[in-house]
């Protein structure tokens, strides 16, 4: 009996290279605005393997969403410009692919879910129709077969009474249900990579946990690579294998999840972890990272974090620290990474 | 928002204006000032208002002075725009016609804003049964198309005051206002409904502020923006409506001077004397255009997405 | 959906009653002699006056007057013109002409307006876009009778492309073409602007980003997903406009001498034929309300957020 894993890669013309699904190499993304050129992504590289979940963590403006959209190819190309870099999916560079070929990877190979499911679903079509659309457009199924598949998917993501509700409209569902519908749509064609851009930010805490559990389940079942974009450290702890922390369009740290939580290797990560309020801190002042992220139109020289870093020394203000391997598998872009780890 | 806007807006500090007073009004005025269309329409409107109040600044000819021998004369033969069938100087009539139009436009707007505004605010603030009743009543008035309703109204008072410029204008304004207030009422009502649940309004109520104070200090300032836009554009519409009613013979009537009357008379002689049609049409169109452009410019200036 | 229809129908009844009451009040309850100006330039002959009073129950208290007025309406009795011809008959012969004119105008404004609106919505800022923006602004500002008069002069008198006025009592399509375009010109401007704005808004929407992320072609994403949403306000506008056109073509019919309802109303106003005016306007208002009701229901059909709850 073929497993889902087998059917996913078997029929596809894209095969992972050494288990490597996605390889982002030296990616630069600029936005050309009337006020100047904003560098949203400033030389980012990372990898995603089959069955792995990578969390990309960062504040607003760190470039995490732009990274996701660049991978999907849904950026508005003016004003966005990708001056250099590679995004390789199963060895093939998506950026140099002809658009028609790239379009066919969206859905069957790489899929994405968004933060606000209400505005991300089309309000005038029934949810079943929207899920079934994946099958009608990409696999050429007829209406009733596609709808059957849609019902099956809705059941898989635990939407009660799926057969009756397949004709309902997005506004008739609760927030959590809508997000499940988005997930159903995204995994419909068994993609190898699923990108989730802040999927739980708009949801209640209890619903958040359910959705994250669902994502993890589906990922294991289908052996997908999962990229989870978030600013919330709490959400990420259970699901992610590795975390990449972004700041001002650059990766400042990548590590395996437990190591990162236990001993961060970058002052920014440390600051983020320290600022999570804990029950035993009652009565004390909340720790926060002072200052604001820099203006993307005018990034200061040296380490971009230096104005807010309590450890900043002279070299930090002049030399940009490269992302280097501190211990095997752990990368940090700080001149004093070892100090941070041992603090 | 586009990605560019989202990225840039979150990290870019506005250029040097962090210390300035950034109230909505001053922001709007600033962008209004830069808009050439605003200035063009303001100038246009000022000219017409001036024409309405002081027509003698523009012409010394009496618009009711008929020189029959020269009737239907072309522009240039002693007059700027020629003469119409009855020998009136078209140029003078165009200038004097501004009075009727501006008067009706302004009066109607004042009436609709006061009546409609008052009812709308009451309706939105009180809610419940009062709101339901007032909304239904508004619906009924709203259901009758403006022109048709005005026709019925005026048909019942056909020759009352029509020949006196001021009273005739008042009559027409009344007819238009009776049917025009519901749209203003709806606007104010929805403004009030949007603002009422806000925390600062609840706080004011808890502190014992009287309803009229709450309305004045909190609700009205927020509703003023759409009100101005709609009132300005409606003004242009009312000018057009007055001309239409006079054209149909049911608004102002001779010997009062109105562009609508002139256009109506001019259509008869269209084949041979087109100039009789053109000049009043031009004046009318420019007057309406002026107000609509102004309303558009104000709307753009107040639109938060443009800032 | 069914409950939505019934709800709207029930809401409509008091509005129709209210509107007829309003018309009734304006005609009969305003201060002044209701007969004033209803018989042309001269005061009404005493026989007519007495009969008028009797017929319209002016001697009865107001509520009774209104009740009898409504019962007459329901039976189709709209009164008689000063010449004694039932108003209803006059309207019956004229309605087809106005309906034809209105349909032509709607077709004109819908087809061209939507087409232009979509084009300028997709390709913003180009030459066509600016041209359309300016011309729509101009058309919105110029009152209909000016457009009518000017086009009558240029296209009819000067260029001779169209007949200057309509001469037959059952006009052909060709004869109605210029009036239909004039009638539809204002709405054309609104339709194209509305279509453009609506499309631009929907092109920015999140669900369109999802559609692209689903791997749909641009054509499908814009042509199906965005357009379906954008059309909603446009179609409802066109629907409402149809109702307005059925009743509001007074000026156009006056200028082009079209033997429709509007022309009849115009002449009745001029002749101060009160019964005709009131009867015609009453019918027009009721038809307008009905068409509005239908459009409301159509809106519920198009936008599931309204009808499905």
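In order of appearance the chains are A, B and C, and numbering begins at 1 in each one.
Here, a residue touches a chain if its C-beta (ideal position, glycine included) is under 8 Å from a C-beta of that chain, and two chains touch if they have at least 3 such contacts.
Keep in mind that this is a model prediction, so the values were computed, not measured.
Top contact pair of chains, counted by C-beta pairs, is B-C. Of all chains, the one whose mean C-alpha position sits at the greatest distance from that of subunit C is A. Taking the mean of the C-alpha atoms as each chain's centre, subunit A and subunit B sit 53 Å apart.
A straight line joining the Cα centres of subunit B and subunit C is 22 Å long. With touch defined as above, residues shared between interfaces to two or more other chains in subunit B number as follows: 2. Shown for subunit A are the residues in touch with two or more other chains, of which there are none.
The residues of subunit C never reach two or more other chains; the list is empty.
Subunit B contributes residues 2, 136-137, 139-141, 143-145, 147-149, 151-153, 155-160, 236, 240, 243-244, 247-250, 263, 266-267, 270-271, 274, 277-278, 281, 284-285, 288-289, 292-293, 296 to its touches with subunit C in the complex.
Put simply, subunit C touches subunit B in their complex at residues 14-16, 18-19, 21-23, 26-27, 30, 32, 34, 36-37, 137-138, 140-146, 149-150, 152-153, 157, 164, 204, 244, 247-248, 250-251, 254-255, 265-266, 269-270, 272, 274, 277-278, 281, 284-285, 288-289, 292. Chain contact summary for the complex, subunit A toward subunit C: residues 72, 74, 103-108, 111-112, 114, 116, 119-126, 133-134, 137-138, 168-169, 171-172, 182, 185.
By the touch criterion given at the top, residues 205-207, 209-217, 220, 225, 228-229, 232, 302-305, 308-309 of subunit C touch subunit A in their complex.
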